[in-house]
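Chains here go by letter, A, B, C and D, matching the order in which they are written, and residues are numbered from 1 within each.
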Amino acid sequence: MIPAEWWLGVAILGPMLALPVLATRRPLLIGAVMAAAPAVQLVPLTLSGDLQLSVPWLLLEARFAVDALGGGLLLLSAPVSAAVLLMAVAQTQGNIRQAGLLAALTATICAFAGVLLAADLATFYFAYAVMTLGAYPLVVYRRDPEAFRAGRVYLGMAVLAEAAILAAVLLIAASGGNPDLAAVPGLVAEHPKAGLLVGLLLAGFAVKAGVVPLHAWLPLAHPAAPIPASALLSALLVKAALIGWWRLLPVGEVALPTLGLAVIAAGVVTNLYANLIGITQHRAKTVLAYSTVSQMGLLTTLLGLGLIAPGVAGAALLATVLFAIHHGLAKGALFLGCGLQGRGRGWYLLLPALALVGAPLTAGALGKLAIKEVAEPLFGPLAAWLLTALSVLTALLMVRLLALVARGEGLGGDAPASRGAVVGLIVAGLVVPWAVAALFWPELPGAMEGVGYWLDSSLPLIVGGALGAWLLVHRHGRDLPTIPEGDWIKPALLGGLRLRYALLRIWQRLPHPPRPPSLSVITRLSAAIESRLVAVAMSGVLFLVLVLGISLLGLLAGR
Amino acid sequence: MSLDAVHELLPLWALLASVITAVVIFALRDHRQRQRTFWNLFGASVKLVLVLLMLHGVMLGHSYEVVYPVLPGVTLLLTVDALALLFAFLSAVLWLVTTVYAVAYLEHSGQRARFFGFFSLCVAATFGIALAGNLFTFFLFYELLTLATWPLVVHRGHPAALAAGRTYLAYTLGGGVALLTGVVAVQAALGDVAFSAGGIPAFSDWAEAEPFQATAVLALMLAGVGVKAALVPLHRWLPVAMVAPAPVSALLHAVAVVKAGAFGVVRILQDVAGPEVAQTLGVAPVLVALAAVTILYGSVRALAQTDLKRRLAFSTVSQVSYITLGVALGGPLALLGGLVHLVHQGLMKITLFFCAGYYAETRGIHRIDELDGIGPRMPWISAAFTVGALGMIGLPPVAGFISKWYLGLGALEQGQTWLLGVLVLSTLLNAAYFLPVLRRIWMLPEPAGRPEVPPERASRWLLYPALFTAAAALLAGLLAAWDVSPLGWAQRIVEQEYPAP
Amino acid sequence: MTQAAFFSLVAGALSGIAIYGLITQRHLLRRILAVNVLGNSVFLLLVALARRDPDYVDPVPHAMVLTGIVIAVSATAFALVLARRYYSETGLTHLPEDEE
Amino acid sequence: MSGVALPLSFFVPLLTALVVFVIGVRRAYGVILLGALTTLAVALYVAYAVAVGGPQVHYLGGWEPPLGVELYADGLSALMLAMTALVGAGVTLYAGPYLRGKGHDGERFWPLWLVQWATLNGTFLSADLFNLYVMLELLTLTAAPLAAMAGDRPSLAAAMRYLLLALLGSMAYLLGVALLYGGTGTLHLREAGELAGAEPYTAVAAALMTAGLFAKAAVFPLHIWLMPAHSNAPAPASAALSALVAKAGLYLVLRLWLWTFPALLSAPMGWLIGGLGAVAVVYGSVQALRQPRLKQVIAYSTIAQLGYLLLLLPLVALPAAAVSAWHGVVLHALAHGFAKAGAFLAAGNMIYCLGHDRLEGLRGVTPYLSVTLLALGLAFVSLMGLPPSGGFLAKWLLLEGALAAGQWFWGGVVLLGGLIAAAYSFRVLALAHAEVPHGYAEIRSPRRLPPAMEWAPLALVLLAYGMLLGGVPILELLDQGAPEGVR
C-alpha cells in the first residue's frame, strides 16, 4: 500500500499511466480505462489529514499539497477530464492520430493537476509551463491553416505571458529561494519591488484567463481545436490563471484598493466586451469561446474584490472555486455538446446554457449569488444591478449559441460514448456545485429564498431570452456587424507584417560598410620591397649603412 | 611504483588515456576500422573510469596534484578540484558518447585516422584545460585545443571548410595572443602562482598596487578566453565553423571549444582575480554587459537563420554567454547558475547537434524548412531534439530551466534587476527560434514526394547517443535537487568559492 | 707619419675602392676581384698592425695573414669556378637581378 | 677525457670527410654513419661534461694563447654543439636514401656536409676570434657549393649571390678582428672583452664584425641571398643550412655582444639591432606568406625566426628581463634548429614523392605522406610558438622577460611574429587538408618513402617538443659559464 501522501503524485500522473492501454487497440477497453483514469484525481480528497508530499531529489525539492483551491478544482478537473477523454476516444476511433491527441490531452490534464497540487514555486511554474505548452498540439491538431494561425497566436501570447510569469517567479524566488506557495503571498507583499511583481503576475496570468485585451487567442484557438481539446481549454486550462493569481498574489494579506478596482474594472469590461463581440459571431465554438472570456471576466472581478478588501478574500476565494466549478462543468458540457451531431444536440446544450445565464435552481444561480454575496458588502446594490445587466448579455449570447447550434444538420449518429460524456458532465454540473456549496458554504443555498431573489435571478433570463428571441425571429442576425474572430488580433498581425517589410526595406537600403583591404595588398607591397632589395649592390649599400650605424651608436655609447 | 603513487598520478593517467589513444589512432592505417573503433571506445571508457575514480576520491575529500617543472619558475600543474572535475567529467562522458556517434557518422568518409586522432587529442586538450592548476598549464592546453580542433574544422577540405578554418584560426589564435600576453604578464608580476578558490591573494595585492596594469591584464586574459566563449564581438568564428562534420560541431559547441572558453572565464574570474577584485577593477561589470549583449545578439541572429546548424550555432553564442554572465555577476547564486549551465548547455546542445547531424546524414536535411513532418517519421530522434530545444528555451523540467532559475536569482542577488529582463527576453527569443522548428517537425505535414524514410534502426548508433544525452538533459533538470546532479556538484564548487562565513 | 699609419691609410683606401667596385660593378669577375682587393686591404692592415710598435714585430698578424691568404685563394678559386659554371649554364656574366 | 672531447668533436667529422673523399662514398657509407654517430656521442658527452663540471677548456696541441688556439665549451657552446649533433645525425641518416633516390651518389655532398659539420662544431667551440674567422669562411665555402649543387640557373645564381655577400661579410669580420687586435693585442673572445672598453676602435670593430656576421646570417636587410640558396639546395643541405649554418652566424653575434662588446650595448644600440631583428621577424613572415613553394616558405621562415635571436640585445641590458630573455633566445635557437631541420626534411619527402614542392601539390597527399605531414605540422607549430613545443617555451620566456621589464614593444613583436607565422603555416597545412580537384588523384603516382626518410623529420621535430620535458636541465646547462648579467 502506498503512503497516503504519494497519492498526490498518483493524482497528477495517474491519467498518464493509463496511456499504455492505447497499445491494445481495443476501443472499448481504451474508452473505459481512459475515462476512468481521471478518477484518481479525486483520491486525495477522500484521504483524511493534511496531505503533504515532499520529494527532495525532484526538480528544486518539489513539494505537493492539497488545499481548498486545489482540492475544489480537482472536483472540476476529474469529471471534465473523464468526459473529455471519453469523447476523444469516441470521436477519433480509427484515426491514426488518435494516440497523439489522447497523449496531448492526458499530458495537459496531468499538468493541470500538477498546477493544482504543486506546493512550491518552481514546481508550480514547471507544471504551468508544461500545461501551456502541452495545449499547443491540441490547438494545431487539425493542421490546417486556420489551426496553425490559431496555434501561432496562442503560442506567441502564451510564451509572452510565460516570460512575464518567469520574471515574477524569479523575483519572488530571489527573496526566498524556492518557497512554499503558502509563503508566497507574504513574500510578494513585502517584496521591495512589489508593484512590478504584482503587475507581472496580473498580466502574465491574464493571458491565460483571457482578460480583454489579452483574450485574442481564445476565439481563435477554440474553433480551431478539436472538440475535446476546446472543452479542455475552456473548462480547465483557463482556470489555471486563477490558481496563479490566488496563490501568488498577496490577496488577503494587504489591501490594494486601487489595483483591486482596476482588476474589477478589467473583469467587468471583459465580461461586457466578450458578450457583445460574441453575439456577432457566426460559429458556435467562437461564441462559446467569447462566453468563456466573459465568464472569466466575472472570476477576475472576484479577484479584484479580494484585492480590495482582505476581509472578504476568503469568501471571494470560495466564490471563485464555486463559480469556476460551475463554469467549467457547464462550459465543458457545452463544448462537448457542440461535438454531437444533428439538430437534437441543441437540447443537450439547453441546460448548461441556462446554468451559464444563471437561471434559478441552476448551479449558475448559485455562482452568481456567491459573487453577489461577496460584492454586496463593498459595492452595495450596484453590484447586484451590474451583475443582472451582465447576465442579460450572457442570456443573449446563449440564445445566439442555441440558434447557431440548432442550424446543425443531419440526424444523430453519435457514438453512445459521446452522448454519455455530455450527459455525464451535465449531471455533474447539476450536482457538484450544489454539493460543494452545501459542504463549504451552507448559508449560500439558504439565501435563495424569497420572491425577490426569484425575480432577480429570473430577470436576465427573461429579458435576455426575449430580446434574443426577438432578434432571432425578426432579424435573423443579419445586420450584425462582421467582426473577425479574435477581434483585434487580425489587424494587428497584418500591421506587424507591414512593419516588418518596411523595416526590411530600410535595412536593405542602409549603406554597407566598406570591405577591409585584402591580404593581396600586403603581399604585393612585400614583393615590391623584396625585388628592390635583391640586388647585391643594394645589399652592399645597406651593409655600409649598417656598419656606419652601429659604429655611430657604439661611439655614442663610448661617451 | 607503489599503488599509492599510481593513485596520486591519476590525473596524468586520465590525460594520457586520450593522448595515447590519439597516438595509436594516428598510427593505424585508414582501413583498420574495427581496431580504430576499439581503441576509440577503449580510450574513452578507460578515461571515464579514471575520471570516476577521481570523482570518488574527491568526494572522499582527497585531492590530486601532479607537478612537473618545465622551466625554472614555470611548472606544469594538474590539480583536481571540484570545479576541474565538473568539466572533466562532462568532457569524459560526452567524449564517449560523441565517439560512438562519430564512429557511426564517419563510417564512409576519408581520412578517418587523422580525424579520430585529432578528435582524441582535442579531448585530451579539453581535459588538460579542466585539470590545469595554474595559468601556464591552462594556456598550454588551451592553445593545444585550438590546434587540435582546426583539422577537425577543415576535415571536409572543401573551400568553405578551409575558409571556416581560416576564420577559426584568425579568431582563436588572436585570442590566444591576448591570453598569452595576460598570462605572461601575471607570471612576470607574480611568478608561478596556482589557481586558488576565491582568487589568488597575490593578485589582489597586485591589483591594489597597480590597478591599471591589473585591469589591462585581466581584460586581456578575458578577451583571450572570450574568443572561445564566443562573446560578441569575438563570436564570428563559431557560426562559420559549422561546416565541420556534425560530431565535431557537437563537440565544439558542447564540450570542447566554447566550453573551454567559458571554463576559462570561470577560472580567471574566480580563481585568479577573484570576484571582488574583478568587480573593483571594473572588469566584471563590463563582462556582464558584454554577456548580456551576446545573449540577446546571438538569439536575434539565430532567428534569422534558415540553416539548422547555423541556427544552433548562433544559439550557442547566446547560451554560452549565460555561463559568462553567471560568473561575471559574481555571487554564489549566479556562479551556481553559470556553472550548472556549463553542464546543462553541453548536454542540451550536444543533443541538438546529434539530431541535426542525424537529419543531415539520413535524410540530407540541412535547412529548417526541410524538416516538415519529420517528427512522426522519426519519432525518437525528433523527441530527443524536442527535449534539447525545450531545454534551451528554459522550459522545465529540462535542465535549462535550472540554469535560468539560478542565473535569475543570482542577478537579483547582485541587485541587477535589468538582467532579469535580458533573461526573459532571451527566453522569448529562444522560444521564437526553437518553437517554429518543433512546429515544423511535429505539426506540419510531410511534403509530397519525399523519398521513403529508412528505418531508424539503420543508423541506430547515431540515434542512441542523442537519446542518451537527451535523457541526461532531462534528468539533470528533473533530479536537479539530487546530491550528485550537476546542480549538486556545482553547489559543492560554490561552497568552495564562497566559503560560508 | 709612421710606416704603420701609412699602410693603414692605404688599406683603408683600398677597402673603399673594393667596396665601391663591389657595389657598382655588375660583371661577376669584377665583383670577385673587388672582394679580392678587399681581402688584400685587410691583409695589408694586419701587416701594418704587426709593426705598430717600431721596435717589435708582432708575429701573430703574420700568421693570420698567411692563413687568410690561403683561405682567400681557395675562396677566389671557388668563386671563379662558380662564375664559369654560371656563365656556361646561363650565358650571363652578371646576376639575373642586375639585368638592365 | 673531457679535454679530448672538444677537439674530437671537430676532428671526427673532418676525418670522416677525408676518408669519404678518399675512398668514395659507395664504400664509405658505413664510415659516414659511424662518424656521425661518434660525433653525436662526443657532442652529447661534451654537454654532459659541461653540465657536470662547468665550462671545459682545451688548448690545441698544448699551445696556449696568444699563439695557440683555445677550444672553450660553456653551456651555450655545449647546447649548440648537441643541437648540431642531433640535427646533423638526422640529416646524415636522411641524406643517404634521399640522394640515392634522387640519383646522386653523393660524392660531392658528403665531404661538404661532413666538413661543414666539423666547421660548425669548431665555430661553437672556438674562443679565438681569428679561428672563428677561419671557421666562418669554411662555413661559407661548404655552404655555397651545397647551395649550388642542383647546378641549374637559379641555384647557381643563388650560390653566387651568397658567396659574394658572405665573402664581403668575412672580410668585414676580419677587418673588425684586426682592429680589435690592434687595440687590445689579444684575439681571445673574453680577454678582448675585458681589455676593450667603449673605445672608438671597438665601436668600429663591433660594427664591422656585426654587419659582416649579419651578411652571413641573412639578417634583414642583408637577407636576400638566403631564400633562393636554401630553397634550391638538396633538402638535407637546406636543413643543415637553415637550421645550423645561418644560426652559427647569429650565435657569434650574440657571443660577441655578450662577451666582447657589452660595454657598447647602450639602449639605442639595442633598439637598432633589436629593431632589425623585429623587422626581420615581421618581414620574413610576410614574405613567407606569398611564396608558392614549400621550401621557399620554410626558407623565409628562417629569416623571420633568426630575427627573434636579436631581440635579446635590447632586453639583456635590463636586469628584470635579462635572464628570461637570454634563456628564451637560446631555447629559441634550439627549438628552431630542430623544427626547421624537420620542416626542410619533410619538404624533401614531398619532393621525393611528388617531384616538386609546389604548395598546390599538397592537396590530397595525406594518405601517402601522413608521417611527413605530421612532422611538417608539428614543425610549424613550434615555429609559430604554440604549445606544447619548444618554440612556445622560448616565446614564453622572451615574453616574460619583455613584460617583466615593461618592454611591451618587444613583447608585441614576439606575439605579432607568432601570428604571422601561424598565417603562413596554416596556409600550407590547409592545403594538406584541402580536397583533391577532380581527376587529380589519377595523375599522381607517389613513390614510397624509405623508412629513414619517413621518420627522420618526425624524430627531429619531436626533439623540439621534448624540450617541454627537459626545459629545466637545458637551462641549468646554459647557466654554466654564462656572463654575470644573464645568470
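Going forward, contacts are C-beta pairs under 8 Å (C-beta built on N, C-alpha and C of every residue); 3 or more make two chains touch, one makes a residue touch a chain.
For clarity, every value in this text was computed on a predicted model and none was experimentally measured.
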Which of A-C and A-D has more C-beta contact pairs: A-D
Whole-Å separation of chain centres (CA-atom averages), chain A against chain D: 78
Chain B-chain C separation of Cα centroids, rounded to whole Å: 67
Between chain C and chain A, distance of the C-alpha-averaged centres to the nearest whole Å: 100
Whole-Å gap between the CA centroids of chain A and chain B: 37
Overlap residues in chain C, where contacts from two or more other chains coincide: 19, 22, 31, 95
Interface hub residues of chain D, defined as touching at least two other chains: 161, 164, 168
Pairs of chains satisfying the touch condition: A-B, A-C, A-D, B-D, C-D
List of chain D residues in touch with chain B within their complex: 327, 366-367, 370, 374, 381, 386-388, 392-393, 395-397, 399-401, 403-404, 411, 415, 418-419, 422, 426, 430, 433-435, 468-469, 471-472, 475
Chain A-touching residues of chain C, taken from the complex the two chains share: 19, 22-24, 26, 31, 95, 97-98
Partner chain A, residues of chain B touching it in the complex: 390, 394-397, 401-402, 404-405, 408-409, 412-413, 417, 420-421, 423-425, 427-428, 431-432, 435, 439, 442-445, 477-482
Residues on chain D engaged by chain A in the complex (per definition of touch): 161, 164-165, 168-169, 172, 197-200, 202-204, 206-208, 210-211, 214-215, 221-225, 261, 263-266, 268-269, 272-273, 283, 286-287, 289-290
Footprint of chain D on chain A - complex, ascending: 519, 522-523, 526-527, 529-530, 533-534, 536, 538-540, 542-543, 546-558
